[in-house]
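Chain nomenclature is as follows: A, B, C, D, E and F, assigned in order of appearance, with residue numbering initiated at 1 for each chain independently.
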Amino acid sequence: MYELGVVYRNISRTDRATADALAALGSATVHEAMGRVGLLKPYMRPIYAGAQVSGTVVTVLLHPGDNWMMHVVAEQIQPGDIVVAAISAECTDGYFGDLLATSFQARGARALVIDAGVRDVKTLTEMQFPVWSKCISSKGTIKATLGSVNIPVVCAGMMVTPGDVIVADDDGVVCVPRAVAAKTLEAAQKREANEGAKRAKLASGILGLDMYDMRPALEKAGLRYID
Amino acid sequence: MYELGVVYRNISRTDRATADALAALGSATVHEAMGRVGLLKPYMRPIYAGAQVSGTVVTVLLHPGDNWMMHVVAEQIQPGDIVVAAISAECTDGYFGDLLATSFQARGARALVIDAGVRDVKTLTEMQFPVWSKCISSKGTIKATLGSVNIPVVCAGMMVTPGDVIVADDDGVVCVPRAVAAKTLEAAQKREANEGAKRAKLASGILGLDMYDMRPALEKAGLRYID
Amino acid sequence: MYELGVVYRNISRTDRATADALAALGSATVHEAMGRVGLLKPYMRPIYAGAQVSGTVVTVLLHPGDNWMMHVVAEQIQPGDIVVAAISAECTDGYFGDLLATSFQARGARALVIDAGVRDVKTLTEMQFPVWSKCISSKGTIKATLGSVNIPVVCAGMMVTPGDVIVADDDGVVCVPRAVAAKTLEAAQKREANEGAKRAKLASGILGLDMYDMRPALEKAGLRYID
Amino acid sequence: MYELGVVYRNISRTDRATADALAALGSATVHEAMGRVGLLKPYMRPIYAGAQVSGTVVTVLLHPGDNWMMHVVAEQIQPGDIVVAAISAECTDGYFGDLLATSFQARGARALVIDAGVRDVKTLTEMQFPVWSKCISSKGTIKATLGSVNIPVVCAGMMVTPGDVIVADDDGVVCVPRAVAAKTLEAAQKREANEGAKRAKLASGILGLDMYDMRPALEKAGLRYID
Amino acid sequence: MYELGVVYRNISRTDRATADALAALGSATVHEAMGRVGLLKPYMRPIYAGAQVSGTVVTVLLHPGDNWMMHVVAEQIQPGDIVVAAISAECTDGYFGDLLATSFQARGARALVIDAGVRDVKTLTEMQFPVWSKCISSKGTIKATLGSVNIPVVCAGMMVTPGDVIVADDDGVVCVPRAVAAKTLEAAQKREANEGAKRAKLASGILGLDMYDMRPALEKAGLRYID
Amino acid sequence: MYELGVVYRNISRTDRATADALAALGSATVHEAMGRVGLLKPYMRPIYAGAQVSGTVVTVLLHPGDNWMMHVVAEQIQPGDIVVAAISAECTDGYFGDLLATSFQARGARALVIDAGVRDVKTLTEMQFPVWSKCISSKGTIKATLGSVNIPVVCAGMMVTPGDVIVADDDGVVCVPRAVAAKTLEAAQKREANEGAKRAKLASGILGLDMYDMRPALEKAGLRYID
């Protein structure tokens, strides 16, 4: 259950350097580095291809068809933040467009992650303000009901806490809890470090079967080759 | 219930200047200007990004898996029209491809809006003939059953009447009834007129909270700030 | 039911020239040429626009959340093959990324068709290794359970047999059985041959109603024109 | 587009005897008798099995999450009516429960057809007040925004006009326009009249192939029997 | 791809005693006994609760909106058969009602499994003719296009071959290939034999942790208990 | 992100009397009493109609296709508990059947709420062990991977903490946090107290318009009656 009508002004953000460094690794590597957890549901898609960002989370809880709290959360944005917007029930309305994006960008936000719809996607693309959303919809919203800012929320099936790190790219959106962000960065960088050598081997025609020495395990599991 | 097997040749189209002028405002602004109604369901997506059109509606009612009436509606197209295609039951088949698009374009059609599938999307993109559809599918159709042309239809959940105006862009598809088209254009232009100034203020860092003077209402609603 | 834990090394591939020639015709024309069958469900979408390929099928059956057999199938790829991956139950995980793509490409694979998710789509796009998939997801998989390679599978609702031909483009994915590939190619080329002339006629404003001589049949079916 | 904030008090209801007589025929027979049109989408399901009703339509247009107009429509109900509730955008909230059902039943309503959710289904079942809905949900609604009563609406993909007849049973919901209700009743009764004799023949083992004399047409279409 | 326009009259049915004996074991136990394969997608639901059947498969391939071949397959039914109906593309129409059920029952069919809709479900329930289907719909079909009878089909994602065994109950539908039916029956009966003793132990309060001796494996996997 | 491989043995359960008393009020009234929050998504449905329960929450986090932790959570059940099962990614497998239900019932569990599938539903119905689930499926699971017991989880879109109260009935499933359970019970009982009188008034034909004095507000909002 959510606490309604509150704005937490002071949140403990993940260390800036750590939060920033995760972007380069991408959502897939970071997700693996955490032990294959933390991923928002795959229906969350970028409004344009190619953006790859990370940032510290500020959250906003909105109600169906009502984007009033978007203006409230704007004030809590600090440079390097990513806004994570959850809705108290399923909704596909367009909560966010070019005016709010202008305001968020002016405050230093890097992206929006929203479990609902957005609009003005052509302008958002021109502004290069990336959004990961459930859908795109022209449908507007009203400003009538209080939600909350910077409470823990569930967004696209994942618990997201203010101050966590979001890593988002064409593959999806991962939430890295503040407590494990440094460790995750380290693990992800270690994974990444090996990728170049592996890619070169595979490109030369060496099989993963041999590179990872999988044949004995496959044989033990009973794999039969039939000519 | 639909009247089947009829083609209405004479429909009352919205005034051309009004119909044409709505394109520039876009689906989100037009939808707002009508009081947040008129939007087709958000599963209607453009086959390529960037198209933004408006035009007068000619309608066609088709049956599942049968695109015979597409050829009948082609004859009723006048320059500046947009064809709105409804299906009498749910279907994802590809009703429309490059040949029909060539014909529609030759007749002066600006776009197709169809609550089913289309195909040849690469060629349609090259031709710059925009389509908003439920899906993309290679699956072809037969030509066996009569539907109707220029009857009122339900397309993607919205009632659409011949002669109405369709406004479509990357955000979705809005239907503006002929009776309110002029009034809607005026209201939309008024909304648009203020946007530039608002955007400049927000870009300078002024918050929507202040620009729209939301703080008293939020306080009255009981919003609490917690440090 | 699937046979598990087997790899068929020798499959009868469709004649190379036939398999290669089908690409140019595209999924819609090939699907029509087969009598409107063979199409995988339209939820199968390309990860980037514009790719148009054909190739001989090697199949792999995987289990939910487990991509072990992807490495096994890599060894069975011959130049000109397309890998068709089926999952033994519904899953949206990202089974395939840039490393596997590097390996597949090194082996001569032209594409992957998978009834599940993929990741690293930005890199796959840069590599120009096309994938048709159900979704995109960062979610990784484990390597623990045996599936099979080169058994007949059901992928996105369609039976696919090793050695068949896959034709895939922006409109979708069609499977052409080996036994009918040559006949299908011929029929598709015949369809294609007429398209240029038809397009020119339609572009000049001639209606399909007249070009296809539809008016008598429509009248016989009872179509009424109302002024 | 919908007209908002209006209540039409005088509607032309289908003749009572006709409206009442359609119930016995059921939604499938009535749908066939109309030429296979008029059916609401099959996601509309009864909250309990076994109810089979018909009645004259009063409509209500509601907004997402707001059931205020349910109280307004209650006053317009006459004995023998069925309320058809459309929502101006997709919503799964529970708009209707035992208190409203008590009021509707006291006014003489026979059923509710709603393109959203309902709740208190155990009590509604005990009251034997049937509802056909998109879903069941405890989620409550507010009373804040005007919709309309007795305007034409789109409910589950079908245009429904006040005064039409709804026929609903375990198979689904059909809307019979007032203008064709008498003719539809007659056609449906004719279909029904033959069913008993057909059923007896089929029960005796006579095949539909022979009873309907299908063999020549199947042969002509090219059906081949292979031993 | 499917072979169209053919009826195979002679199929090799699974041994009657084996096919009949599988019903008592239920879909879950049979599915486990086959190694957790063979299950049709879980959207296949019974039209009424409580039916539990098994029988030998006759298949029919139908086209969207066309149930002509239902009459053709009726003639191929032998006592103890279950008809498995696949559609060549997705469709939710009601292909089957009380008349066809009367005919199927008269021929000795035990059930219908169909990857589409059915209607007259109240009468089917009274007749105790069970159907597992994707949905329920009043929508009728035409009789215009040839499909096939007794070819291998894909139904709800599973390959089904004539002569296989279907086991269906409230939990779902499993297809047991003829070649493994006897072995599956034996394995399923063995599983079943132990269930009574297990149930008694668990009912007495003994934990599965102890009954299955899971604690060492859990500890080895690293499970930590925190007080 | 979830903590994996841990079992919290000591959780603070909501006071027994409070937890027990909530059942009688039902999910809709309790949801309203909390301010219209706390509801799990409406796809969660009971496996049989009529059950209405409340109980204290023990949670279990499982992985797709793996029900090993179901045996671990069984040991943590105390009489009056309801098990809430979350899955780390979407899955429709049947995680729970009659043997586990026997064990859970022996331990005193009142119900299972699971964001996945269950099986043996006929037996569960006979045992009167209620389950609210996303689906029903025969598909079995393996026992290979550690999840956790009694950590906070997201189930069907809602955060659920061990010791909270679940209220579930035919309308859906509500989670009442321990901190507000007593207050919610009081508020729900107050709502309930007024229902009898209201129902009597409405049954007598008094309109909600008058009983709730809605006419002035509707008029002020601009509602127009048209004769």
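Here, a contact is a pair of C-beta atoms (placed from the backbone, for glycine too) under 8 Å apart; a residue touches a chain by one contact, two chains touch by 3 or more.
Given the structure is predicted, the values throughout are model-derived calculations rather than measurements.
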item	value
If a chain touches chain D and chain E alike, it appears here	B, F
Same-site or different-site touching of chain A by its copy chain C, using the half cut	different
Inter-chain centre distance, chain C versus chain D - centres from mean C-alpha coordinates, in Å	41
Computed distance of Cα centres, chain F from chain C, in Å	43
Chain A and chain B, separation of their C-alpha mean positions in angstrom	31
Multi-chain contact sites of chain E, meaning residues that touch two or more partners	39, 89-90, 92, 139
Inter-chain touch pairs (all)	A-B, A-C, A-D, A-F, B-C, B-D, B-E, C-E, C-F, D-E, D-F, E-F
Contact set on chain B toward chain E in their complex	63-65, 89-93, 139, 144
Of all residues in chain C, those that touch chain A in their complex	5-10, 48, 68, 70-72, 74-75, 92, 94, 97-100, 102-103, 105-107, 117, 119-122, 125, 135-140, 143, 145-146
List of chain D residues in touch with chain E within their complex	26-28, 31-32, 36, 39, 42, 45, 49-50, 52, 169-172, 174, 195, 198-199, 202-205, 207-209, 212, 214, 218, 221-227
Chain F partner contacts - residues on chain A that touch it in the complex	1-2, 4, 34-35, 37-39, 41, 88-90, 152, 154, 157-159, 175-177, 180
